[in-house]
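Common to both upcoming complexes is subunit A, partnered first by subunit B, then by subunit C.
What follows is the complex of A and B.
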């Protein structure tokens, strides 16, 4: 939570540009990750391969071109959450789930925060504006903060 | 009432502020009507907690108020389930008790000294007013008509289907749960419409409150994903759906896991899996949605196929691995019992024996909902006509709710809100159409006639759009007839509700009422008489054995430890009691000694004709005991060779020797002239010689013989078995009838 706060506080400041170059690569990697697994599953089709590369390239292009700086920050945060969640899950599989409370609250904190951030991202995206006539970006951010507070209250309470 | 308010609205409500004021006043009146119609039981009887489960809730609330929240949370109760005890704090839904505790302390803080019992008695009526308000809000989301919400609130306030569980004194989880159910649905619709995280979070919070209050929360857990799934299948995936559902699920699941009784269930049991599955599915959809905006459509299609195939393959592999590794449990018995209604009856007698788990009889629908039940399909049809996201919800809820109301009597409760909403939509549409005093103007009429002519010609061409503008009612006669009919139905509904409430649902069942020959009311108060006797005449820790139905009442009213109660968490323990009741004295006595039973309590209705007594429940005891000890207790042996269940001299030997039979009919003959003993429930004449009891002493029999309490004899001082000791006593009795015990004690020393 604290980390996320810092990230967002930084967002409008000047440091954003240097961070953005890092984040954009990491989040494209995030998007290609599932794609890579599917390609290995279907790698026998040689013809599909070139179009597949094209596809990934298209997505990457689209992303770097049309995503605002702030949204990229959100994406970085989401990628971070995915990594943390995956690590927790891996630990759960490898080392056992003994304090199940702790695992569940940690894991659902990441999942919940991911979902909330995704919601914030959706609500603040320009293209989705028509879907949310009642939600301004400021309102979306306020909602996000309130929901995160509730989420982390429950997680802390549940962690034992 | 509602029709009147409508007319007043139409006449006076011209300005917006007048309308708002009127609406507030009408809602307040509806809430007042809802509360006051639930007070029959208090007026007829007294301010008393009803039935069985409420007595436990009441006892828990008293514990909470006396000991504070933390002690309540960690409450281990050693006065129930005698040798075992019960981790009460971890195995109850605390919402109800905490609610009344909060109200109690709030009133105290306002220096209003209210007894906790009165808060508990009046909690359900108070929340019914809130439920009416929630129904108003929910209906207003569905339709633009002003009257529909008010009608729904009025229906919700007085529909017997809801009153059945919320009269004053019915201090049960459902009392607040139905309000939470309707309000959660309202918040869900609101969140879905606005796509707002805040509303989603509110929905999750109220869902958490619902989970804390009632086991029926699974209904919401299944209904919301189902609604979302139907929307997705209709091609209505939207970012709003994503935001609303994901916020609700992420926060709501965490909230539900805070309740110790629920704990890890949301990630482990099958009834929570649809919600989790849809949550994952929505993530995929959102991702696909994003990719679609990034790719040209041809590439997107290839991508979609590859992605979908890959995900499906991965998911299937994961499922197979997880199932074979035993992480995900296969479908359990609970699941089957929802689809196959006779499953529980065959396999789980303890569930099947509960009367509110029986399938609903058809007349019950009309009895509980009156004319709403035939307006319900009309309302659902009207929802189909508009079919926005929120109308889909009503349709899905209607189907889901109807099914479950058919499976179990108690789930009628979850159907009632949607019936009220749908019926209100139907009625308000009818009234809005027919109450419009203006006739359609001539141009419209002309156009309409032309259209009518066109339809006559083109009736087979099937162009539905041309037939559409057939609206407007011309003659005042048809308007008058329809409006009068509707008003009549509404008035009849009010009459029916009042009648049902006062006659069927207002009996506390702790106190029975009967009419004397001159029509005056006579109160039969045997239960409290007996429990009071227990409270005053037995040791504080005297263990009482009775069938589980009366466990909560004994705990609440007599404040004595019991062996089993209505919580029914331990089937074996209940079966033990069933075995003790259904076996012969020689078998039962060691069981009772092992469980340190001091008194045995049976309910016996033969004198009064009270049919809910233990002899009528006896077969369930036998069945449950047979489930654990099939070799020692056999249901077949309790029937006559011709397969009848009898208690007269034709009764089977096993039946006559069973402890339950003996305790029920012991000494009963003495009330009647020889050979005339009559069982007024089973309508049979009893055998001339009554049963003898060797291991028990009759301790107390209430005024109308409804409750009989027996004391378990101590071991014989001379080491004889009880049968021979009793026989010896009977032999002596002829000489020294007055002295029974004292001389024998002397002789030992």
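What follows is the complex of A and C.
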């Protein structure tokens, strides 16, 4: 999985040496351009800062370009769940956990939903298709819906 | 005519059986049946109270306290015997069996006769110690009867006994004029009581009395068995099954010669003896005519608004409000009366599982009381602990029969739907909002997911790779 993604990353960025050198996650990039890393290390701090900005921009661009619509939707939903869960946890720390079952069910609803959504993301990503030959995206979504409904039932029941 | 006769028989039967709560068959054991003449007033009093008296000597072949495994008599009165032992029919073991079978015993001692070894063993078994050599004499050089024992000082004059403790009901004290009446205790034996809680002294010796062995002819008394208030002249033992045994140190105090006679205190003041009334009370207490408690009924129920008013349910829930009521009567000579707890005492209810979780005083409930029965009640909240609990009333006091009542109930935990709803607790609202946000977010996500079909272009590009 990691290999395939790296290959994809390297292919468009071969021309720009600065970018290739900074994406240190790809081991192949480091090996292919050892001379480039030395030149960037000598450059000034401002140049380094701009290169960081550029790197973030690059990642964002790459993400918006190469990620399918549904995966983006999944990511947005997961980010939303993280925010909601963090808010509930923060409230518990600040205001106390008096109806503790309420806190548990509210917080675990977001956590459980996050886990289920992550599973859906793994199962529907094109790159992982070889790992799940028997699971079509439709089947994965149906599983996701059923499990989520069970989770919601448990949480609503537990908060009473 | 016949109905009238049967009515009379019935009336007579109720009159006779109404005297003691345990029965009217009284066995008197004495050396010589002719001796009973000197106790005629005492025995006459007993007979007039409804006792059916039988007389036996220890040597009698037919004497047996049990017949076919059941008690042949309800009560036994021992008058002094000259013989050393009491024979095979009255061994200490048989007497203990008699007590275990709810039989009552009134024992009298006398300094003139050595106490039979059988009785000494029985008393030793109950932690009541007699003087060494089974004989002793209590004398008091300050509280003697100047009229009858000016020389020997062996007739003690005592004030009528008062209450043993402030919280114990007083059954034996004098009626109206306590100052004028004295208790004559002629030529008696004092005993020393052990520390057990079943033993209670009814009459203690005065501070100046002591016990010595009259057979030792020494000028100076070397070894005093016991002195002062260590000596119990009349003492009571109530077993755990409420059978009673009383030891009267002087048999002579029950004789006709000491009933209602004039005696003279050392100070020169003449007084009348209280012995006859005292003998009646001591025998009445021993033979279960006074101080007998009865539990009429026990009731407990939920004490909550809107709850069912079922009596004695088998199950409660934790934190339920519960009311418990117990009705008690006391037998007093001839009738059941409402039992009144002594002023400084408390009747308590325990709500216990292994150990008490609550121990509460029971208060008199006038609404459920009558002249024959007093109801005592307590309301409380069941503890926050589920399990098998007992409502327990454990009332064991000197001179009153034991009350030990246990009613078992289950206490269950809260059912799933008995908790307050989450929306009723304002503290839970943020987390309700959290769940609502998660679910609506999920619904929105599902809708968007189903409307955003994967583009074919993407698939094609993947395929080319």
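Going forward, the second predicted complex is superposed on the first by the 99 of 160 C-alpha atoms of A that agree within 3 Å, B and C clash if a C-alpha of one lies under 4 Å from a C-alpha of the other, contacts with A are read in each partner's own complex, and residues count from 1 in each chain.
Note that a contact is a pair of C-beta atoms (placed from the backbone, for glycine too) under 8 Å apart; a residue touches a chain by one contact, two chains touch by 3 or more.
Please read all numbers here as calculations on a predicted model, not as lab measurements.
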| said: Which partner chains sit in contact with A:58 here, subunit B, subunit C, both or neither? Use first/second/both/neither. | reply: first
| task | Tell me which partner A:146 touches in the superposition: subunit B (first), subunit C (second), both or neither. | result | first
| query | With both structures placed on chain A, which of the two partners, subunit B or subunit C, ends up touching more residues of subunit A? | reply | B
| Of the two partner chains, subunit B (first) and subunit C (second), which one does A:88 touch, if any: first, second, both, or neither? | second
| task | Identify the overlap between the subunit B-contacting and the subunit C-contacting residues of subunit A. | result | 105, 155
| subunit A residues within the subunit B interface of the complex | 34-35, 37-39, 41-42, 48, 51-52, 54-55, 58-59, 62-63, 100, 104-105, 108, 111-112, 115-116, 118-120, 122-123, 127-128, 131-132, 134-135, 139-140, 142-144, 146-147, 150-151, 154-155, 157-158
| Of subunit A, residues touching subunit C in the complex | 68-70, 73, 77, 80-81, 84-85, 87-88, 91, 95-96, 98-99, 101-103, 105-107, 109-110, 113, 117, 126, 137, 141, 145, 148, 152, 155-156, 159-160
| message | Per the contact definition, I'd like the list of subunit B residues that touch subunit A in the complex. | response | 194-198, 200-201, 204-205, 238-240, 242-243, 246-247, 249-251, 253-255, 257-258, 264, 267, 283, 286, 291, 293-296, 299, 302-303, 306-307, 309-310, 313-314
| message | Could you list, by residue number, the parts of subunit C that touch subunit A in their complex? | response | 419-422, 425, 427-428, 430-432, 434-435, 437-439, 441-442, 445-446, 448-449, 452, 454-455, 458, 462
